[in-house]
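Just dropping this structure here.
Letters A, B and C name the chains as they come in the text, with residue numbers starting at 1 for each one.
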Amino acid sequence: MAIIELILKVAGLLIVSPLFQGLIKRLKGILQGRKGPPVLQPYRDLYKYYFKERVVSKEVTWVFHLAPLAAFSSIFIAGIMVPWVNRSEWGFFADLILFVYLLGIPRFMLALAGLDASGSFGGMSSSREMAVSALVEPALFLALLTLSLSSHSLRLDTIISSAKGIPFLTPPGFLAGLAFFIVVIAEVGRIPVDNPDTHLELTMIHEGMVLEYSGRQLGLLHFAHWIKQLTLVMLLFNGFAPFGLTMFTEATFAVAATCFALKLLIGAALLALTESLMVKMRLFQMMDLLGFSFVLSATSLIFVATGG
Amino acid sequence: MEWHDQLISWLGTFILITGFLTVIFRRFDNILTCYKFQSFALAFMTLIIAHQYGEAHLYGISLATFIVKFLLIPIWVMRVIVKIPGKLEDHASVGAAFSLFSAVALLLLSYIISRDILGINSEKVDDLAISLTLLLLGLYQMMTRRKAIIQMMGILFMENAITLAGITLAKGLPTVIEMGIIFDVLIGILVMITLVFRIQEAFDSIDTQNLKSLKG
Amino acid sequence: MLSLFIGSLGAFCALSFLDIPMLWMIAILGALDLWLVGGYISVAAIMGRHFEFLHGIFVLDPLGGFFLAILSVVAGAVVLYNFGEIRQRGETKLAAHQSSFSLGLTFAFIIAMILSVSGKNLGLIWVCVEGTTLISALSIGILNDKSALEAAWKYVILCTVGLSFSLFGLILIIHGATAAGFEPSLEPDALALMVAKFSPSLLKLAFILILVGYGTKAGFAPVHSWLPDAHSQAPAPTSALLSAVLLNCSLYAIIRTAGIMQAAGLGSFAKICLVWFGLMSITLATFFLLVQSDLKRMLAYSSIEHIGLAALGFGLGTPLSIFAALLHLIGHSAAKALAFLSAGEMVHIFHSHEMIRMVGAIRRMPVTGGGLALAMVVLSGMPPFSIFFSELLLIWAALTAGNIFLASLVLICLATAFSGIVFQGTRVLLGEDIQHHHHDESHDHNGVQDPGWAADDHIEEANVGFSWRRFSMIVLMIVVFIVPIFFFSPFQEAIVRIAEFIPGGLR
């Protein structure tokens, strides 16, 4: 049973994440009054990247080549940890702290890689990324810790399976969920934190770090980014508003799968809506927003810890 | 009833969040908007507590809070403020991140104090902690802001915090005293705005860094 | 009767704001009202008669009557002084229409203070004290010059913040009542019955908050920083009222609250807090007093010190110390009011707050200089005036209570303050009348034109003839002379009866 789950999960991760990205871009386009790119476009992009020629700067070291692999693998493992349709999928190593660190490894590697190519854009983006993550990581950690306090466990599967009702509808859960949503936006690099469509110097954070990559490495990095996006959105839903999660039996699988699709749609819509309604914030203004998300998650943690 | 307590805890959270927001915002009209929403939530909460406990005088206090703090004060202050030239924006005397961390630290401190005082199992710990946090946040606001008019907002926030404490912990002070407090708030704003205008005339700015000549 | 009193004062206030032509009638009637009617009411209250205002919301009891007595005497003189100021100074700092405004503000201030000592309900006292803060801030800010505005802003902000903490403390008390299952109330009589059952840590926190709040208003160190600025930059009548009466009102509030603590069995905790605050005020004020160059600021620090002494007296809690504290309040109010009124006059004549610029006051202005001289003599604690006796009794009480360290510390501070005040006082008051040297030394004093010299001719005239200001100062001087008799027998009994209303006093 567990093996089948694992295989399905891996396949799902690989197949659904480009779909999710395509969905977001399509919805964003519709909301902005255009037609938007086709939903299957990311698959074509991956195909395109696979066959493109690589141009590598002379200045790079082994860090540059290691970074996409390290990023992809750690995000992939993190992606397996987060349950999609099942309350306790594949849980024995789904530790909360491990999850946060697995998200931290690609950040670290990419920042180094951005510095590695000795380009000015890369260095600038790396420093911005570090500044943003200095506020984002505590917020992320505290928000997840809030969830874990009520279930007295640090394992993701236990946290999700022991959630009574919908945490989002309690004041601490609402605050933590809101904080986590802001974290998600920061992590996947969408407006108002970062603009994924631009390569302008003023507005790059994530794009700047991967600017020097081309060909298959770039494809791998994009793929890793999409997997991270899907994983975080799934964690947002299943951690704070778990509906339709069941044990893995055939009978209930249909319901669970429908809910999964629903979550995909709502998540994509939320992200697209946020991107369309807001503008990218100035860097220092963004610090206020991220600090605010830290405050929200710290507040929710204090509420839960004191039994409020 | 169950939904009373739930709604009250949601409103309390909302009031706390508006308190935190005032630490971030630099412009006066944003801070005033926070005050408006906080006062609205406060009036609403008073209404619910009045309904829950059947305290008739709280209905009157709720109405008075709504009229004075949500309508009267913001509208009047906004109308008066446009006469002050210059931007009503505060330079960051402390950074936003530091302020936010301090805000969380104050929240923690308030919870520790409340649990000490009321005992861990009291159901009023949250209410006391939130009011204490807002009180300390108002104080923090006054210490770190430089424009005189924003310091005045700090006093208004402190007063809101005390009203919150009054209605949650004490089911409302006696009517005479509550009315007296609201009356004091009104007169206080009158006096403070008068002083702000005079400061503006005398110093040509309302930056309180100018007000440091008397020492010793 | 009380309603008549307050109502009449309210009418005077309104009429002053309306700037009617017969302002002198308002001022005289107001002063007589305060002295005669106010005096009668307060003496009757001390004797035990019951007064009420607004259907029992405000109730005057002997303790309130005591404070009301002090208030009435001082306020009457101040009203006359204020009116005199309006008369004489139409052309300088205050514009004519603002002057009747200042009289109106003075009346409003007085009414607010009367209300604050006429109540026993703790919440009501709070509302009134907050009201006094706001009204007095307006009167400080009326002068429109930079330091006055700075002082007024600091005053409003600091005192409102402090009073907010007090209010929070009051809410904690009510919560204690509901948590213990009682019907909450802020009336001291009802509270005294319930309060033993409240949670002690809650009461202690509440008391500390209330003490810090009202202590800010009373000028306890370390939350006194607004006081020197506000009292020195305010116009003279406001300064006198602030120093001589408002500080007493805040002490009144603290005493009422301490009474509740006594009923809860936490009386010793309350007394220790009071002793500490009093001690800090005394020492801090003494040090700052020595380095002052501004006359009114020096007097303000002297206020902090004397109120600290009174707090110390209440905090020690023995019958002797409470008697000393009450006597001290009477003496201090009379002398301080006289001091500020004469200082105001001197500031006006010498055109400067700085004591360096003031020389030879007694020769030049006999009444003003004499008033200031008398006030300084009394305030520094010289016999045979009442402050000497009250300080002596206080130290005696401290020694008999076994507090040798405290007594010696207070003695040192008092001696230091004495020397400071006398030193500055002699420099300011005695000496040649500079006017005669004026023509030789001409204008250039290190390149700075001394405005004080130039206005001499004008002042010559102002010194001649009757002026309401001088009249009021003379009245106060008479009062100051009278005060020491309170030390002696018949009045002792009256004070002892008042002291019974201070809980913990006679036990």
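In this text, a residue touches a chain if its C-beta (ideal position, glycine included) is under 8 Å from a C-beta of that chain, and two chains touch if they have at least 3 such contacts.
Because the structure is predicted, anything quoted here is derived from the model rather than measured.
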item: Identity of the most central chain, Cα criterion; value: B
item: Chain whose mean Cα position lies farthest from subunit C; value: A
item: Gap in Å, rounded to a whole number, between the CA centres of subunit C and subunit B; value: 31
item: Intercentroid distance (Cα basis), subunit B paired with subunit A, Å; value: 37
item: Centre-of-Cα separation between subunit C and subunit A, whole angstrom; value: 66
item: Residues within subunit A bordering two or more other chains; value: none
item: Complex contact set, residues of subunit B against subunit C; value: 113, 116-119, 122, 124, 128, 131-132, 135, 139, 142, 148, 151, 155, 158-159, 162, 165-166, 169-171, 173-174, 176-177, 180-181, 183-184, 187-188, 190-192, 194-195, 198-199, 201-203, 208, 210-214, 216
item: Subunit A residues within the subunit B interface of the complex; value: 135, 171, 174-175, 284, 287-288, 291-292, 294-296, 298-299, 302-303, 306-308
item: Interface residues, subunit C side, partner subunit B - complex; value: 57, 121, 123-124, 126-127, 130-131, 134-135, 137-138, 141, 144-147, 149-154, 156-157, 160-161, 164-165, 167-168, 170-172, 174-175, 178-179, 184-186, 199, 201-202, 205, 228-229, 233, 288, 291-292, 297
item: Subunit A contact footprint on subunit B (complex, rising order); value: 9-10, 12-13, 16-17, 20-21, 24, 96-97, 100-101, 103-104, 107-108, 111, 115, 125-126, 129
